[in-house]
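Below are two complexes that have chain A in common, paired first with chain B and then with chain C.
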Partner chain A sequence: MSAPDRLSPFGPEAKPGRHGAAGGTPVLMTERKVDIVQVMAGRDANAKAANLVKDATGLALPGPRKVEIAGDAMAIWIQPSGWLVIRPRGEEGALAKKLGGSDDIAVVDQGHGRCVLRLTGAHAGEVLAKGSRVDLHPRVFPPGSVATTSIDHITVMIVKLDAVPSFDLVLPSNFAEAFLDWLRMSAAEFGYEIRPAA
Partner chain B sequence: MLRIDCPWCGTRDEAEFKYGGDATAKRPPAEGDGAAFYEFVYDRGNPKGWHQEWWHHVAGCRQWLKVVRHTVTHEIRSVAKATDDVTVPPA
Partner chain C sequence: MTQPQTHRLAYGGRIDRSRTLRFTFDGRAYEGHPGDTLASALMASGERLIGRSFKYHRPRGIVTAGPEEPCALVELRTGACREPNTRATVAELYDGLEANSQNRWPSLALDISAINQLVGRFLPAGFYYKTFMWPASFWEKVYEPIIRRAAGLGRAATATDPDEYESIQAHCDVLVVGSGAAGLAAARAAGAAGARVILADQDFELGGGLLLEPEQEPWRQGMLAALSGMPEVRLLPRTTVFGFYEHDVLGAVERVSDHLPVPPEHGVRQRVWTIRARQTVLATGSTERPIAFPNNDRPGVMLASAAMTYVRRFGVRPGERAVIFANNDIAYNAAFALHDAGIAVAAIVDVRKKDSKRAAAAADRGIAVKLGSVISDVKGSRDIHGISFRSVNGTAERVLDADLVCVSGGWNPAVHLQSHTRARLTWDNDLAAFLPGKPVQAERSAGSAAGVFGIARCAADGAKAGLEAAAALGFRDGAAFELPMPDAEIDPKVKPFWEVKAKGKAFVDLQNDVTTDDIRLAHREGYTHIEHAKRYTTHSMATDQGRFSGILGTAVLAEARGETIEKVGVPTFRPYVTPVTWGAMAGRHAGHHLQPVRRTPLHHWHVRNHGIFLETGLWMRPLYYSATRETGWDPILKEARAVRQAVGICDVSTLGKIDIQGRDAGMFMDRLYTNTFSTLAVGKARYGLMLREDGMVFDDGTTSRLSENRYLMTTTTAKAAEVLAHMEFYHQTVWPDLDVRYCTVTDQWAQMSVAGPKTRLALQGCVEGLDLSNEAFPFMGVGDATIAGCPVRIYRVSFSGEMAYEVATPAGYGERVWEAILEAGKPHGILPYGLEALGLLRIEKGHVAGPELNGQTTARDLGFDKMMKKKGDFIGRVNGERPRLMDSDRPRLVGIRAVDPSFEKRLRGGAHIVDRPNSKASLGWATSITRSVELERWLGLAMVRNGPDRIGQRLYATYPLKNEVVEIEICSPHHVDPENLRVRA
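Here is the complex of A and B:
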């Protein structure tokens, strides 16, 4: 017998479908089915953490404000000596187990604590800009950038993926439903489509 | 609204930060007497001019930063990491 499907942290309102203004280019919203693991390096242990992550995932650990993307996996810089490693959902806890950790590197599974929503479409930047204090102009926030900030009082990591623009938003799962409420309001004027989780 | 140039995250709005007070207050040794601790916990100046103070980038990189700010004009002269030594301009 297999485990039941995990409930979406975005709640029952996150039903797939087209909403808001009709006619324009909709903003697409997709919950990403991913594993998320936080890696924190102790004093002078950054290089060791980088080797650990490289061996386990093939990803290099990026510097401040940057994200390292390889295929459908990525490593996000979140603070000095702190990163999130994200990749498509596999066996529960397997990524954290594979990363391991040591007495100077903390590895914490965030697969339930945080979640990721992909936002893509010509108006995706405008939708975020209404609630974000971060300058999202491509000149200062090109693809490969990440910024942790506060939107509607919820801490959100904004990862810029490409020039469409597309973003991956990393959220605390317990605020995902509240955040989606705000996002839907912000996106309504452009029209938006909630896609099945992928 | 202050704009604080976090050495880790770049320039961000004050709303992402939490004020942490005087960055020059030094904790007395554990064996220090009660008066020294009272002073450390409660006694603060109310300077008019440059002030060295803690700000916590709580909605960003979560690092404590040392900010040199003018208490009258709100001009920010420098933002440094917590472990950096900073210079404070003369009044």
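Here is the complex of A and C:
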């Protein structure tokens, strides 16, 4: 079914625009309009889950601490035999429905419970370093890596996309506004731009 | 009028004479130049008296040129930005700086408390502790007020700090602490090998001792240029590494904007760095140490290296006529630097008897060298005008005119960071100093921090350390680089000499006013261990933590004990190496940023519609709604009446929600809950009770069966995360064989409870795709539908005791669904209700919540005996049946009602239940209390001994703190609809 537009979990203050220090290279922040489904495989069902996800999305399921990226879609390893499958937003609930699930593969729609913020720009790593103790240096954390960390007491999944660097941050939606509040303070010295959700 | 820079040299130094910076000290106007510290700028204007000492209020001046300064402490900035105890020697000068002296009244020049000097013999070391001993009656009335008034140095600001602070995490292969010759070389060697390097130095200019050597400037600049060109090398000036912690974690504070009048817009004042370094090179240098002699604290007595620094780096004349007092050759450098700057050097008083090349060089310059001599007194108070000296063993004193005394008792390698790792220091006889010991963590010391002296030797040592650190991590192919030109050969050996015994106070701790005699007193009174002597005398407890002169106290104690300094040791060095402000420590986590705010998907609707919020954990929940922000019961009663008489809607999105799937999901539920879920029909919900292993009630909530092998559990708001962790624990450690998967979906759903006799009518106006009639959708039914085009799941469960439906929708549609229900309910008198009305309704209905589920109540205590399944095991069954827990005399849940049907005499949560108005024998306590809209009186729930057997009894609720006694009747907890008919209507 097609549902009406949803409210952004980042709250009414997250209006597009340039903020913080002027000049220099701003950090760009974009809420990603995506569907998110959590897939958890039972005992000996990893291969079955991989096939399920491959058939539904074309994505391979990555191993520990890795992310499989294909265009706008990705599969993130989140725990043993557990992944988040993320792709551009389609019909409400359609991705979960397509993945279906079975007695040994749990499929849980998290499209509203999690949200994704893309952070890109030369200073993006420095901004995250103000909250996370994960070493984001390319030698340690190359593109295609993921780590779950705590930033300002909020559980955040950091996905490294490229060498810019760009990151997709997967957040619990109830904390999205609080996280953005922290992020804006931390990025202010470099300047930042909130982009329209895409 | 601006004070003229009477003591500024015409040329030389690293200051920019083309620019002038204005500042004030104690309200007087001064000027200095970029490159100055507050200390050097005050000295340039001839200021000697900077502060007063802690105990005796003796006049004090500038003693060092670095972070170990014990005396020249000031209050920097004013108002909310005031920073007490700032060392003027490291405060970088900026235009508009305002500083004030501290610990003086009414003024720096005339300080009344200086009278303490005269009564000093009544204020011995340990005075504070002795006041505890006798007479006891003096403590509160006499000693405490006096000590409180006298205690402390500067005044902390009381207003909120307007500046911002932050923290940052950093990782590197090699951290180099200190940017002198050794540090620069270590950083370059490691950087060239390919390692990720951080080079931190507390100074605003990188170079350490190189900053005093103009002929080495090209090398310094070349090194900085090379380091700046390395992408993996990060230079952090103005950054003090303050602690070396477990697992090679180091802490540092960067003074980002302290050199500016105010931080730039969007900038922070200070930033705390947490650095995880795989290897650390400690190139922290060494600090000169003084010698104890009478009046060695007078303004104008300073370290020889400090005098040299003021001349060479800051282009300031620290005095007009100097005497050098030393026990080593390096100190002659200071004499020559002063001499080169045109300052008269009256004499070098050298403890050593033997003639040396350096003494000859001094003689060539026409400087008198008094070999085998010591300074036995300093003449003058606020300003000095001469010294007495005599031969080491003699008594015949001679006098010299001088206004500057430069002291050198040798050098202490800065071993503090290494000591933080609990590495044991080693003693070096030649240097008469403690050196870094065998490393405990991945670190090495280099340069003068390791007892190596001379620029070129330090650089070579640093390069070696940098290479080794990099090689230890596999970075081996670095390009070699040029080292500085060789130094003049100067023997760093010192003749150990610590104290001149003569009449007068000789200080071993200048900030805390500890004298050589105080240390001896401590020894006589039994405080013979260095750590005890430290605490008894407060020696080494000042802001410099003994870095300046701690070893003097050790030397005096060693002599008193008749043992070596090596044996006595120095007090353990602990973080922080230099003081760090609380602002920096707090970082962003101040005020409302202490914790993140958790918002429900309906948060902004509540904000727009006058919700009055309550913080519950991290959540913000509307207590009630009031456009006029009225207080009291009226808005709460109005909302509750709407639910009892018409219909209300409440945001319950905060409830924990856990999606559970798998073949063994039902069995998992059966073991987690006291009651059975594997028999629950698909499309139905059931109330469940969970116990802890010890048999106490853990959590409750309704769980629905969505399909054969899929359940949706709800938990209380408070226990949501704990329940999930509880499930993980049992699944991973106790029942790993269960084929089940689960995850939180709390954030996925906006959930609202719609309750009241007109609920069905209201919902029928907006729900599509589900027959809500009692027959088609009875109590505890679960079904999918749509509202306003949004998918919803509807659960027919009730917390209020009224006919109720909980509507869940994906979070992003929350507001739309909420508003659609409000619209449909409008003709039926719908009102949104908040947490207060929710509480009122559940107390009336007798549903337990946090106050009853307090971790000390069993299922039986709460009247849930029937929910304990007879067949099959569950968590908490065995321990919950322990005999003592089955005792009928335990406090058990009942309802209580005020006998008086008015609201005159209120009940309070926490009130004790007693059988006579003045009884002190408590039978239990009131857990939850409310005004009732149904019964129009105060009522509540209580835990009362043998409670259910007391139903019908008249007892009293007493609240002695407020002197209240209210007559009550014990009743069933279910004040409303005990037959539970309304929920099934």
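Keep this in mind: the second predicted complex is superposed on the first by the 194 of 198 C-alpha atoms of A that agree within 3 Å, B and C clash if a C-alpha of one lies under 4 Å from a C-alpha of the other, contacts with A are read in each partner's own complex, and residues count from 1 in each chain.
We take it that a contact is a pair of C-beta atoms (placed from the backbone, for glycine too) under 8 Å apart; a residue touches a chain by one contact, two chains touch by 3 or more.
Computed from a predicted structure; not experimentally measured.
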> A:A94 contacts which: chain B (first), chain C (second), both, neither?
Replying inline: neither
> Who wins on chain A residues touched, chain B or chain C?
Replying inline: C
>> With both complexes superposed on chain A, which partner does A:L28 reach: first (chain B), second (chain C), both or neither?
In response: neither
>> For A:L7, using the defined touch cut-off, is the partner it touches chain B, chain C, both, or neither? Pick first, second, both or neither.
In response: second
>> Quick check for you: in the superposed arrangement, does A:S150 touch first (chain B), second (chain C), both or neither?
In response: first
> Touching A:Q110 in the superposition: chain B (first), chain C (second), both, neither?
Replying inline: second
> Does the superposition put A:F179 against chain B (first), chain C (second), both, or neither?
Replying inline: second
> In the superposed arrangement, which partner chain does A:R133 touch: chain B (first), chain C (second), both, or neither?
Replying inline: both
>> One more residue to check, A:V164. First (chain B), second (chain C), both or neither?
In response: neither
> What part of chain A is shared between its chain B contacts and its chain C contacts?
Replying inline: 133, 140
>> Taking the touch rule as given, give the residues of chain A at its contact with chain C in the complex, in rising order.
In response: 1-4, 6-9, 11-12, 20-21, 38, 40-43, 82, 92-93, 101, 103-104, 106, 108-114, 126, 129-130, 132-133, 135, 137, 139-140, 152-154, 172-175, 177-179, 181-182, 185-186, 188-189, 191
>> If we count contacts the way the header does, which residues on chain B are in touch with chain A in the complex?
In response: 8-10, 12-13, 15-16, 59-63
> Which positions of chain A touch chain B when the two form their complex?
Replying inline: 64-65, 78-80, 133-134, 140, 147-150, 155
>> Taking the touch rule as given, give the residues of chain C at its contact with chain A in the complex, in rising order.
In response: 164, 166-171, 196, 264-268, 274, 276, 588-589, 593, 595-601, 603-604, 618, 659, 661-663, 709, 739, 741-749, 786, 788-791, 810-816
